[in-house]
Amino acid sequence: MSAPATPAPVLETRGLRRAFGGHVVLSDVSLTFAPNRLSAIIGPNGAGKTTCFNLLTGFLAPDAGQILFEGRDITALPPDRRARLGICRSFQVLNLFDDYTVLENVRVAVPAMRRRGFDLWTPAGAVSEAEDRAAAIIRRVGLAGREHVAARFMSYGQRRLLEIGVALAGEPAVLLMDEPTSGLGSRPMETLRELVQRLAEGLTIVVIEHDMSFVLSLSHHVVVLHRGTVIAEGPPAAIRDHAEVREAYLGTLRYTRTA
Amino acid sequence: MPEAAELVTHLLNGLVLGLLYAVVALGFMLILGTMEVINFSHGVLFALGGYFSLSLAPHVGWWAALVLAPLLVGAIGLVLELGVRRTYGRDPLFGLLFTFGAALALEEVIRIVWGARGYTVSAPAFVAGPFHLGFLFYSKYRVLVAVLAVALLGLVWWFLERTPYGAIIKAGAHDGEMVRALGIDLTRMRSLVFGLGTAMAGVAGVIAAPMWSLKPTVGADAVMPAFIVVVIGGIGSFWGAVLGGLMVGLVSGLSNLVVPRGSILVMYLLMTAVLLWRPRGLLGQKSILEL
Amino acid sequence: MDTTGMDSTRGRRTGKLTRRQVLTGAAAFGAGVGFIGPWRRAGAQAKKPILIGLTCDATGTFADSGQADRRGMILAIEEANARGGVLGRSIEPRWEDTETDASVAVRKAQRLIERDRIDYMIGALSSGVAAPLSELAQRHGIIYFNSNSSADTVTNEKCQRVNFVWDANNWMFANALGPLVAKTLGTRWFILTHDYVWGKNQTAATRESAKKVGAQEVGELLIPQGTRDFSSQLLRIRSAKPQVVMANVAGIEQTALREQAYEFGADKDAAWVFPQQDFPDLVPLGPKKAFGYFCTTWHYTLNEPGAREFTDSFRKRWAGAPIPVPDNVSCNGYLATRELLRAIERAGTTRNHEVIKALEGHVIKDTFRKYPSTIRPWDHLVGQMIYLARTKRESEMKERWDMIEMVADVAPELASPPQSASKCKMQSVAETPVYGG
Amino acid sequence: MNRWVPLPMLGLFLLAAALPSVLWMGGYTYLGTEVMIWAIFALGYNLLLGYTGLPAFGHGAFFGMAGYFLGATQKWLTGGLWLPLAAGVLGTMLCGGLVGLFVARRRGIYFSLLTIAFGVMFWFLVFVLDAWTGGEDGLTGIQRLSVTVPGAGGLALRDNVTFYYFVYAFFVASTIVLWRIVNSPFGQVIRAIKQSETRARALGYDTPRYKWAVFTLSCGFAGLAGGLYTLARYGAFAEPMSLQQSGNVVLMCLIGGGFASFYGPVLGVVVFLVLRDVLSTLTDHWMLLYGLLFMGIILFLPEGILGLIQRARRPTRFHDTQAAEAARTGDTPSGEAPGPAPRGGG
């Protein structure tokens, strides 16, 4: 267990364990995510990265271990409660409201709107603070001008950006991004990199990534998962030439090729 | 002493009923689990099984009818599946509604062919009349029903446990990718399962007819308990269906002794109780059909 | 086997007229203009036919009886038309399938009244259907003949000024049976009660007459609707060792009960009595399984004045029907319709108030049975005689329908409930909205 | 979008208001009344089916039970008209709320299965409690008492045309309220839930609570419609609670295009009731035609009439939609309902 001297962690896990049927996906995973830093979780397919996210966000319950948010135990909280605490996530498999326009997608994610969730009378468009906040987010992720296009009619790259925009709209205390770059061409990749870079200033971010260059250039802290255990963590530089990681990765590369 | 005799009779009735329900429920669940289609026509197909045997038995004999009627019903099932097919991968409501429409249409067909009145069906001669066991007497036919039902359940168990199809159905065949990965023709498998499931309704209909008599709506008496059995037992679990069937059968059988008129309602109370205790049913795993 | 298609030609013809109007009407409704329909009617003002709505089941528990009922009515109407109609106007039936379902019946009757503008309404088997229909009729002031439902309530608590009840009721059957059963069959009675309104009424009446004749009740069992499995009930009966089983069970349950009792040999355990027996329920059983004694109001084999002629014309008209002979049900349908038309003749108008007056207290002499019947003014029950009957042995039967043998009869004054016992509080004629004429 | 009454709705209201004067011959006033009653029921139900994507299949039970609450209150408790009517709505919402507790965590056909089971349970309850419900005789003798409307004075509801406008008032009010609901933040949330319950959850929405609320709400409208239906027929009967009636309301929403438009259910109701009226006079075996029609619509007209019209209006986009759905069905949990939620804007 690495207990960094840096300020109290925003999000922390202690000895997380999760198995599906007989097959153990995560065992004794203890992680700490310091405020205002971008941490990356890397590792070969099936290492348990996404499972880890699902545990953090409450979509799965751990078999053992705890999850702490700002020092408070949230292991038992359902996903929506955690989201309301400010743990916001984006999904690896795009998960947008496809019939909704960009604006609607973001607006419904804004806490101001959520607080009005049981308001049956006011027209949704009239909740001005939500409207403004949504507009701001859309500008921030560079989708200005597309507000009124239905999500399903947008290009994949833009849907990726929207996915992040929706996560951002939740006013995250910590933002979890599951493979934000997956399936992106080089240009949208650049837009995204810049976006993430800007976000990283003043926001705690955890990102699952395959793209090593993306990880190494952006992250302050890297965690390597392999077969459900943390085999290494530390600053990017240290990770780059970590023997086990090499091993694991070359392993996977070979694996991914043949698959 | 009569009281004991009555209790025993009711227990036996409940048992027979339960086995019958289990058969209907399993056929229903095969389709539900594989295609995610609530087959509303299950009940009317059950009824058709009975009516077919009613018309066939005099000519070909009861045993032959027991085989032929389900085959006919299965055939109808296959035809239905051609329509149901078009709803796969769409809102599951469509499959439900399609079979619902089919149920209405087929029920009317029964009215046209056999008339709206009810028929009573006499048990085959070789099991007519009761056993006399000293203090109690019990219908021979019901015993036969129990035997047939058990045999049928065994057959299904074998199909699920000992054949590749079974493996896939249990693995949750809704995931088309995986099935194809296993190199199995999904379309073929689906129609097979649909045919099988409906044929089971047919068999149940044939063997139930002498006990329940026939009327165009008799299917409802069978399919609603089946729904409950599935909810109680848990979707996708063979033993769940058997267990659920027996529970529902026994409970309604025994309640017949205490509160005759409430006997139908009791099974719903049972369902509610089970749901409160285990929202997914007794043996149901977390299913893709829920959040 | 199709019970509704039997008189297709006729059914279709009468059907068609309604259809066209409703089609135009419905189309019109769709388009938002509805005056074509009424305009067509207005055109035919000259000799506007008298429309009679027939509310007969073709679906559900009483599908068979409902159609028997309807055959009687159609015959009566055709005979009237053959004589040149009533008050110079022809009679036109409008049939709706009431599906043995109160709610459906109300909806369809609603349509008959408000859209087809029928002048009178006839037909009912289930008391569940009869009661709401008579309420509906009373609201409009339409005279309604309840031809074949025999629950006590419709002539007591639920009686209406426009409602006339043609079948004998629970009380009458039980009361007529009581003494005979006690004398000839025994006084240890076991009661089966069909668990719905009719069954409960019948059992109440059975108990009343049991008290009168000093019979002893050795047990009662409730038969829930939809019961198909009587093994445990039969067991109870056997262990209670009664002399008589009073089976207050109707419809398909009654048939199933007989089937199983026969199969279990329980028909030998005691004398079975089915206080109220509609012939159509007897037919599917056949002579062997249709064991037991029962009450009925009529059968075509009765050798009484008019019975032969009525039977002949009925057989001629309905040769193709599932039950090609008149029975207690179709006879009631026939008599009710015939008497309605006669009452209109007597009244000399179709206005409901006058027709009601012409009906109340009227004595019907040609009932095809031994004694005349009377339309009792205080509860609108048709006071009539009742036969106690049993099924013939196969050897005694001349044909498939010749199943019933009358063993005794009870005169109307003995069979009918006294006025003092009546719980009927009827609206006055004046309170009844004027209709027709 | 007009916040209160958008144009198409205004047109609808005007047409409905005009009908009795055109359909002056009695028979159709009653049909018209029934249409508006079912429209209230169907619009409320579509909140569940079309907007939240919850295929409830036992809703007839709630439509029907209202009548018994109303009848019982009028006959044995308070008498009068308004209190019984309110009792109908509240009683139904109460039962709906209880059932909701069981079904709110479910979706897709598992949701259907449970709603079916509970629906049938209530249906049987009617026959078991026949002391109160009158069993298969129905609870008859319910009265349409006159109502005193401030300004208009006393209205005799026994008169069919007066009653038509009585129902009309409720129809207009319900439609406006529902319109507000689907365009409110709440409406946004339930439509979001239909599109991706997981995402909605990840955004901090306690989705089961919302599903419970919609369920109870739609039961409220079912209760109102059911109460009016009971008054229309002077009695409460079990038949509206049967599975078939539950199926009917689903079909109504579907034919009209409840998935595609706010007005879908209304159109569906009109088509359905008029069709039933015609079919049932055409043949003794109309149920056959009706069943086949049912199957046909599922196969060839799944988005309903208005859906078809919309498709015709923008074919290309529809094409995309198809593609998007095809893509989606691969990765979304199958419980979810593809097919767009109807837009608030109709």
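Per-chain numbering from 1; labels A, B, C and D assigned in written order.
We adopt the following convention: a residue touches a chain if its C-beta (ideal position, glycine included) is under 8 Å from a C-beta of that chain, and two chains touch if they have at least 3 such contacts.
Just so we're clear, the structure is a prediction, and the values are computed from it rather than from any experiment.
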Common touching chains of chain D and chain C: B
Among all chain pairs, the one with the most C-beta contacts: B-D
Most distant chain from chain B by Cα centroid: A
Euclidean distance of C-alpha centroids - chain B vs chain C, Å: 38
Computed distance of Cα centres, chain D from chain B, in Å: 31
Between chain A and chain B, centroid-to-centroid distance (C-alpha), Å: 47
Chain centre separation (chain A, chain C; CA means) in Å: 75
For chain C, residues contacting two or more additional chains: 4, 58
Multi-partner residues of chain D (each touching 2 or more other chains): 127, 198, 207
Contacts with two or more other chains, residues of chain B listed in rising order: 111-112, 261, 264
Chain contact topology (line, ring, star, complete or other): other
Chain-chain contacts as defined at top: A-D, B-C, B-D, C-D
Complex contacts: residues of chain D adjacent to chain B: 49, 53, 55, 57, 102, 105-110, 112-114, 116-118, 120-121, 124-125, 127-128, 197-198, 207-208, 243-244, 247, 250-251, 254, 285, 287-288, 290-295, 297-299, 302, 329-330, 333-335, 337-339
Parts of chain B lying in touch with chain C, wherever the complex brings them together: 2, 5-6, 9-10, 13, 111-120, 122-123, 128-130, 136-139, 142, 211-213, 215, 221, 256-257, 260-261, 263-264
Chain D residues touching chain C - in the complex, by the definition given at the top: 15, 18-19, 22-32, 127, 130, 135-138, 140-141, 158, 160, 233-235, 237-240, 270, 274, 277-278, 281-282, 284
Of chain D, residues touching chain A in the complex: 1, 3, 180-181, 183-189, 191-192, 195-196, 198-207, 210, 213, 317, 320-321, 324, 328, 331, 340-341, 343-344
Chain C residues touching chain B - in the complex, by the definition given at the top: 1-4, 58-61, 63-64, 195, 221-224, 226-229, 231-232, 235-236, 239, 251-252, 255-256, 259, 263-265, 280, 284-285, 322
